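Below you'll find the structure I mean.
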Amino acid sequence: MSALGRPDDAQVAIFGAGRIGKIHAGNLAAQPGVKLKVVVDPDAGAAAALAAKHGATVGTVEGVFADPSIRAVVIASSTDTHAELIERAAAAKKAIFCEKPVDLSYDRALRCARTVREAGVPCLIGFQRRYDPTFAAVRARMDAGEIGDPEMLVVTSRDPGAPPVEYLKRSGGIFKDMLIHDFDIFRWILDDEAESVYATGSCLTDPAVASVGDVDATAVTIRTKKGRLAQINTIRRAVYGYDQRFEVIGAKGMLQAGNLRPTEVVASTAESVSADKPEHFFLERYRAAYALEMAHFFDAIANGKPIRTTIEDGVKALELAEAATISWREKRIVAL
Amino acid sequence: MSALGRPDDAQVAIFGAGRIGKIHAGNLAAQPGVKLKVVVDPDAGAAAALAAKHGATVGTVEGVFADPSIRAVVIASSTDTHAELIERAAAAKKAIFCEKPVDLSYDRALRCARTVREAGVPCLIGFQRRYDPTFAAVRARMDAGEIGDPEMLVVTSRDPGAPPVEYLKRSGGIFKDMLIHDFDIFRWILDDEAESVYATGSCLTDPAVASVGDVDATAVTIRTKKGRLAQINTIRRAVYGYDQRFEVIGAKGMLQAGNLRPTEVVASTAESVSADKPEHFFLERYRAAYALEMAHFFDAIANGKPIRTTIEDGVKALELAEAATISWREKRIVAL
Amino acid sequence: MSALGRPDDAQVAIFGAGRIGKIHAGNLAAQPGVKLKVVVDPDAGAAAALAAKHGATVGTVEGVFADPSIRAVVIASSTDTHAELIERAAAAKKAIFCEKPVDLSYDRALRCARTVREAGVPCLIGFQRRYDPTFAAVRARMDAGEIGDPEMLVVTSRDPGAPPVEYLKRSGGIFKDMLIHDFDIFRWILDDEAESVYATGSCLTDPAVASVGDVDATAVTIRTKKGRLAQINTIRRAVYGYDQRFEVIGAKGMLQAGNLRPTEVVASTAESVSADKPEHFFLERYRAAYALEMAHFFDAIANGKPIRTTIEDGVKALELAEAATISWREKRIVAL
Amino acid sequence: MSALGRPDDAQVAIFGAGRIGKIHAGNLAAQPGVKLKVVVDPDAGAAAALAAKHGATVGTVEGVFADPSIRAVVIASSTDTHAELIERAAAAKKAIFCEKPVDLSYDRALRCARTVREAGVPCLIGFQRRYDPTFAAVRARMDAGEIGDPEMLVVTSRDPGAPPVEYLKRSGGIFKDMLIHDFDIFRWILDDEAESVYATGSCLTDPAVASVGDVDATAVTIRTKKGRLAQINTIRRAVYGYDQRFEVIGAKGMLQAGNLRPTEVVASTAESVSADKPEHFFLERYRAAYALEMAHFFDAIANGKPIRTTIEDGVKALELAEAATISWREKRIVAL
């Protein structure tokens, strides 16, 4: 690992032993030459269980940053801890892998990005969708010129069900919590920046969502600086599962990224011809993406390659999420 | 035909012997008990050819309205003649089948609709998509409760290529010329009315389109009075053909209306697994829809049934097209 | 019509006013310059109804063959009348359109074909599948070299349900009644002749089928003279509808002909993602094929073009059906 | 591990460090409580590389069977070593995971199975397809009664390209080398045994195959004791990749197991609408199956559960392969 030493002594700490922390821990354990050394989580039982599974020890935030043998940290703790942990990791010169979002505040995220830049440490923000084989194939085929210049993008992004209201209260709202991924897809696929954003939303699936000042269905339109058009439609409840598609049309054709299914069984009965529903939710749908994301992180830091999803990407997606939130609340088109 | 006499003496005149006129003439010739009597077109050769094909005679506007044996007229002439022909037909108490749009001016269309209403004649506006078997099946399955209350609608509507600039100049702009169908789909599928419209557009496929003050790509968002959300994306050039899809999601699932293909051949080669492109353009894609539309017209007037696509629908779609045009031009959200 | 006079005086008689007779009558009525003059059917009511619908008269076999104004006959009567009607039509120098099979006896069919050949009249046998747009596209793409030399063919041919036992008794057995179409597809797609046939069958869906000495499920393998291999699987009852597929693999790829669906609606629900079942049975599935077959017949006889599905094809398919019947009954491979 | 001790001391030896050996080694390394201790391969370099990768040592056949700490062996060496290694492992009371086939000789395999049975050791034969999520889902849905009693099975099994002639010479012929998997699928899916087999084959893709007395394309038909019918079509070269499908029809419907694709991208261009080709070959297509097979093996031996793909299954599949070979060579139907 360039500045970080040889790959075979890459010791790593993880903050957060919850659902996504376990995924990341499993994926980093699969990287050759990488060792999970310390697990940190306020929930002592969760920390101990994850540490035991991977032969690591339970530690503290302070301990991690004081330990020079730890070359990289994976931040999978709650959102309100991200920015501070990123900054402390940057100060300690550790490579950073942090779940999205950088922070719920655009200004805070901006400061955080500056700190990272000045520290010169690698920092990957967890926009795992860019590592999804289907999504990445679209991008690669666009790079190869298959559809010529892109003109329009349509993103469909639907969850199988809304999270608990307690979660929603602290989530920053649907645009920062859910659409932030779609804003990143937008920037990545069109390779362009927003000139204006229009967003509207409704509470259609559960009145409880409205009770905490949020919406559960949104329609967003983005015009880019080059005049391209993008539309994003999202909803918190698609009873058929996690619906993750996009399509991009250009002068020479269209590329569509479709859903994955658990199996390729087709049943023909007296009622219909039916296939499996999409993979149920993000842990299943993006299983391969999470693994490839982690492999990219260690490959990049070991070989001095550029990180594909940087903290700047995290900041830009957040800027779009803030603009969309304002557009929705104030019922106006927001220029960027 | 209730007020119009027995079906076996339903004599009909057609205005317009062009591309769509020929389609309608062929379809009305196939209706039992219906006879094409007169063809009217400024192009004498076109009129004569179409008349000859169906054993009709070439006539004049005046002649048609003076002939009491003509019970119904099909208006397939240029857009600027629609409103006047509708009003004269209403005055002459003839049943009316008119291609969309009623007029390029919302106010003019509104007056026209009032005249028709007061005359009490049946009047069908040619929103043929509602008669398409695939689209109609979605509507029927929604009526049967298959997806519960609809929540969001996404319409994809792309032409294989832009018409000549000369056509575009007189077309009323993309929202009235092309999206008027999509606005009708929106109203029909969601069974709801618009509360606000946001539209943006770009000239992305051919600078000639911009030279006549039009755009060739649009992104439209409609909020309904019930808080539902709809997005429409259109482009004038999809190199893979006529792309006519929509999907509607509700509390119990999603229904998608997909493209039709000329054949069901799948080829697996060293390069890919490929299927046919969609049917090339509207004459092919909506062949069945045009036939069913005409059958519905004569069935409705013969049996006193309500017309499915009324002049009020024509007016409402036009109102949305005007609102979208204003939204695009003035870069603002337009309330209805 | 070359030897048959000008197209605009092509008067036609039809034998058989049943299900398939009605289809053919409708299709011939749609041919420009063709007029259905006489309908013949032992069921006087059926004959009268069909004649009335198309402005024809009810007639007799003798009357038809004695009427020099009748240039062509469509034979859609029961199988046991085919061979005699063909021979009488040939003697009367009328163009012949005859439903399959020529006869249930290979020897009888062979004699019949000789008579036709000697009379020099055009004779089309109703292998309508060759006119199906999907099936015909496969053949055309093979002709264009898309998959190189064909190597293997797999045909899936399943009915939605078995006909009544009374029908089965007179049907000649499943190989002559149902698989005769598949044997024709085999010859047409591989453009090769059988060297040996192996057929086995079972009575799996309804014991009544066995009670009349027939089977309702078959598996057939054909080796061609060029060493190519073909497999056909059939069953009388597919609860999901009429399943009509084949696939052919060659040195450069595979072409698959798939089922047609009534609509292109896809439903995603809490249970599955489902599409329409295939078109229910042959009248729906081959609607376009029947129309194109009739158009080809009149085009061929009017313009002196070769008939695409000749009586020789009818004889060859019957030969395969007889061989398969023997193979199944005697449990042995039959050489041809 | 029941008779084999606690899972956390399950030490394992692998015979064979080639392509499939590496896959199995990787999968067993991922089993909790399982440790690869020894790698044996005549190719010292291959053995050393695989041992190094998994922290194992290079050993000998004798050493493995003399080492009581080794509880299980994975046999991934060349086919001619399988039977002897199985018997020595049985004698040494080790659990056995052996790649198919048990042996190229049915009689030898039968003796081998007897030895295993008498030794009472668990023995899994590597019919990995039964562990494929898509294939296994078909079986599970049949068990749940979704299609009622199965009636017919159609198996399509095509390789992307033929192996080198040197390999073919020692392969036992296409029926034992390639179709053995399909014969196992047949037995597993229909849950029935063969009453008769008819097989024919041709050399269509490469004359070199014929030069070693083999064929590269086959068509097999099996009648079961219950009268069900199965057809298998295979070819050594499908230019579009590894084609692994089957479909089974029953009284209540059909289940089809389709191919897997690397991504879910669909491209619409001026030429066609295309998807990815199937996964290229067995290592990619059955990646998940191999992992699940290994997990099942250790789960079964640890928890005393029955092995799903036993040596008896290996013997039965080989019996069918021998029968098919005879049928092809002697051009006759073979009764079992």
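We call the chains A, B, C and D, going by the order they appear; numbering starts again at 1 in every chain.
The rule is simple: a contact is a pair of C-beta atoms (placed from the backbone, for glycine too) under 8 Å apart; a residue touches a chain by one contact, two chains touch by 3 or more.
Values in this document were obtained by computation on a predicted structure and should not be read as measured data.
Trainee: Looking at C-alpha means, what's the farthest chain from chain B?
Mentor: When every chain centre is compared against chain B, the largest gap points to D.
Trainee: Which chain pair shares more contacting C-beta pairs: A-D, or A-C?
Mentor: A-D
Trainee: Could you state the distance in Å from the CA-based centre of chain C to that of chain D?
Mentor: Measuring from centre to centre gives 43 Å for this pair.
Trainee: With chain centres defined as C-alpha means, what is the inter-centre distance between chain A and chain C in Å?
Mentor: Comparing mean C-alpha positions, chain C is 58 Å from chain A.
Trainee: Return the distance between the CA-based centres of chain A and chain D, expressed in whole Å.
Mentor: Whole-Å distance between the two chain centres: 39.
Trainee: What are the residues of chain D that contact at least two other chains?
Mentor: Chain D, residues with two or more chain partners: 238-240, 243, 252-254, 267-270.
Trainee: Across the complex, what residues on chain B touch chain C?
Mentor: Against chain C, chain B makes touches at 133-134, 137-138, 141, 146-147, 252-260, 262-270.
Trainee: Could you please specify the touching residues of chain C with respect to chain A in the complex?
Mentor: 238-241, 243, 261, 267-278
Trainee: In the complex formed with chain A, which residues of chain B make contact?
Mentor: Result: residues 151-152, 154, 156, 158, 196, 198, 200-205, 217-219, 221, 223, 227-231, 233, 235, 237-240, 243, 249, 251-254, 331-333 of chain B touch chain A.
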